[in-house]
Each structure stands twice: as C-alpha cells, then as structure tokens.
Amino acid sequence: MLTEFDTTLPSIIQVQNLIKQTTPVELKLLTGDVLTGRVLWQDPQCICIADENSQQTTVWKQAIAYIKPKVS
Amino acid sequence: MLTEFDTTLPSIIQVQNLIKQTTPVELKLLTGDVLTGRVLWQDPQCICIADENSQQTTVWKQAIAYIKPKVS
Amino acid sequence: MLTEFDTTLPSIIQVQNLIKQTTPVELKLLTGDVLTGRVLWQDPQCICIADENSQQTTVWKQAIAYIKPKVS
Amino acid sequence: MLTEFDTTLPSIIQVQNLIKQTTPVELKLLTGDVLTGRVLWQDPQCICIADENSQQTTVWKQAIAYIKPKVS
Amino acid sequence: MLTEFDTTLPSIIQVQNLIKQTTPVELKLLTGDVLTGRVLWQDPQCICIADENSQQTTVWKQAIAYIKPKVS
Amino acid sequence: MLTEFDTTLPSIIQVQNLIKQTTPVELKLLTGDVLTGRVLWQDPQCICIADENSQQTTVWKQAIAYIKPKVS
C-alpha cells in the first residue's frame, strides 16, 4: 500500500512523541485485538510495540482502528 | 495510505466545523466500537477525539464507518 | 484515500439522482449497520444521509457495502 | 478509491459478459451478505444488480468477495 | 483499485505456477469462506477458481487472506 | 494494490531478518486466523510462510494484522 509518511502531520508527530516519551498505549486493531505496550518505532507501513516482557509485535497500520495513551 | 485532504471538500469542512463548534459526536468504527466525544483535530490519516474525561483517542480514518452529532 | 470522483460515472450519477429526487434509501455498511434516510450530499470521501428526524450521519465511502432505494 | 477499469482485463470482460447474457449470479460481500440477481452495469467503483423483483442494489466493488453464476 | 501486476513478482509467479500445474488449492477469504479448487486465471483485480464440478468463482483479490496448496 | 516495497524501511528489513534467521513467527490475520511458521519470502503483495510440516501458505499483506516472533 502506498503510504503517506509526512513527518509534519499531527498523527505522525503524535506517534513520534509516544515513542520519545515511552508512553504506555493501547492499540485497538480491526480484528478486535487490543495490544498494550510502548511504541518502539513507526514507518509508513507498520508500528512496532513492545509489551511489558519486551515481546515485540509489528502491527500493520492498515489494521489499526485507534491508539490511545493507557489510563493507569 | 495516500489520503486526500482537500480542505474544500464538504466532508473535510464538516469535520472542521465539528472541531470549531466542539460538537459532541458519535464515531462508529469498522470494529463496531462507538466512540463519543469532541473532535480535537483531523489530518489526512487520523481524527483525534477527546471524551468527557479529556482522554484522547486517535482514530485512523480507514477504520471509520460514520460520524454524527450526538443526540442529547 | 485517493478517491475517484468522475461525475460522468454511472455510480456517481446514480447517487446524484438519489439526492435530487430525495429518494428514501437503505445504506448497508461493512459493519453490518443499515442506515435509512435520504442522501443529502456526496463528495469523494463521504456520503451524508439524513433520517426521518433530520438527524445527519456522514458515512465514509470506504465503509459502504451497498445502497438501494428503500422498498416502501 | 482509484480504480482500475481496463476493459481488456479478464475480470472486467467477465462481468461485461454476465451483463450481456443476463446470467443469474451470486454476489458474496465482505459483510457476509449474498445478493442474487442479474448484473445491470459496472463502473470502476460499483456493480449494480437487480433481483427477481427488479429491485436494484448498487454494490461498492470494495465490498465484493466473489461473484459466481448461480447454480440453478 | 490500482493493482500491481508485475509478472516478475514471486507471488504473481506462484499463482501462475498453480494455474499451469492445476494444483488443488485452498483460498481463504476475509469473509471466513474457504474456497477449494483449481486456479483458472488471475488478473490484477481477481483470481478465478473452479471447483470439482467446474463451477467457477471469481474472487476479488482484495478479499483474499491466503492461498495454499490443498493437502490431500 | 500499489504496494510500497522500499527495502530500507524498518518493517521490510525486519521481515527480511526473520527470513534470514528462520525465526518462528506468529502471523495474525484480519480474519482472526493465527498462522505460525517461518517466513520464506516476501514481495510487495504477499508474505509466504511454512509451517512445521513445510506446508506453505501465501498470505496477502492486506490481510495481515501483525507479526511477532513466537514465544517458545
């Protein structure tokens, strides 16, 4: 999929901030899965998050419904 | 995803108006989730809404089924 | 999403006719929802319909399965 | 959605043949719906089919899983 | 949908080989359906398969989850 | 679908590394299926994985929710 990756876009910057601040997040997928963890990196195609055991999951952006900071 | 963001389009303007007027909205997602709150911003990829506790959720536009003003 | 909006296409013209004739329609979404009402406008990204109480819903075209005139 | 509509493609020609021959078809959608009827027209965005009562339904191609001639 | 159809790609070649060798396959769709049969042709938009009764089904590629040789 | 295949992207490189290292992975699909095995190849359209019996499955990237190394 051709993917927009304009690093001046609010949504791209927001994910970059989540990465820098290692904010715990919830990522809801179109499958209904909710992944929790910290975002490690994003590229035009994917977002990689690590859970509390440092287990990494690479999520295709096409499968994301929403992301939000995890309420503690 | 390459995303159209022509700010003269009715659908883009409508969301901009929802932002300016801080209209409470319902956002139905392809997951079946219904998010309620006020729209904070949109960009070509996402719409960010805040619920009554100011908890922010960034929704990928690809996951949106519809948006409507919340009937009070 | 880059969206085709060639106003000579049968499917675009058909929706324009539904708007002009204020035909009651059923709109089936990929979520399984069926919205009923009259189409108010379309743009490359969305179709806006109003139900019998003039409540407006803006539907992302990506979420549409089909549209048909409502059988009365 | 930018849509390919190369009328030399086998899949486009096949639908054109279904139209000319008024072949009864089954159209399975990503919603799980199965529509049956005869194909009236296609354009890059939609396929329109009519059921036995001449009720027309305009299906977005994005929502199609498969089409097949109806086994009588 | 603009569709890539580079006949040097492994995935395109693999389907071409399934066609030439008339290999029985399972095709899993995003609807959850599993179609079985032999692949007759592919184009940028669709894959056509025939079941054991030579009943043909034309599947939109957008609806495919995976394809695999059928284990006998 | 036009597909980005920039071999300098982290997500593309990560899959290439999974291939080279023959890492056991879990691939979650939008259908809800979880496939396990080793990645054999990727191209812009598909990822091919082989299970423990060397049974190959070619997955369309459009259907992928996430990939992660299998926890043993």
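Just so it is clear, A, B, C, D, E and F label the chains in written order, and each chain counts residues from 1 on its own.
The rule is simple: a contact is a pair of C-beta atoms (placed from the backbone, for glycine too) under 8 Å apart; a residue touches a chain by one contact, two chains touch by 3 or more.
Keep in mind it's a predicted model, so treat the numbers as computed, not measured.
Fewest steps needed to get from subunit C to subunit F, stepping only to touching chains, is 3. Where touching is counted per the definition, the chains common to subunit B and subunit F are A. Because subunit A and subunit F carry the same sequence, their contact can be compared by residue number, and under half of the numbers here are used by both.
Taking each chain's centre as the mean of its C-alpha atoms, subunit A lies 37 Å from subunit D. With each centre defined as the average position of its C-alpha atoms, the distance from subunit A to subunit B rounds to 19 Å.
Centroids built from CA atoms put subunit C at 32 Å from subunit A.
Across the assembly, subunit F contributes residues 1-3, 29-30, 62 that each touch 2 or more other chains. In the complex of the two chains, the subunit B residues touching subunit C come out as 1-4, 6, 9-12, 14, 28-30, 32, 61-62, 64-69, 71.
The touching residues of subunit E, counted against subunit D in their complex, run 1-3, 29-31, 33, 35, 41, 43-46, 48, 55-60, 62-63.
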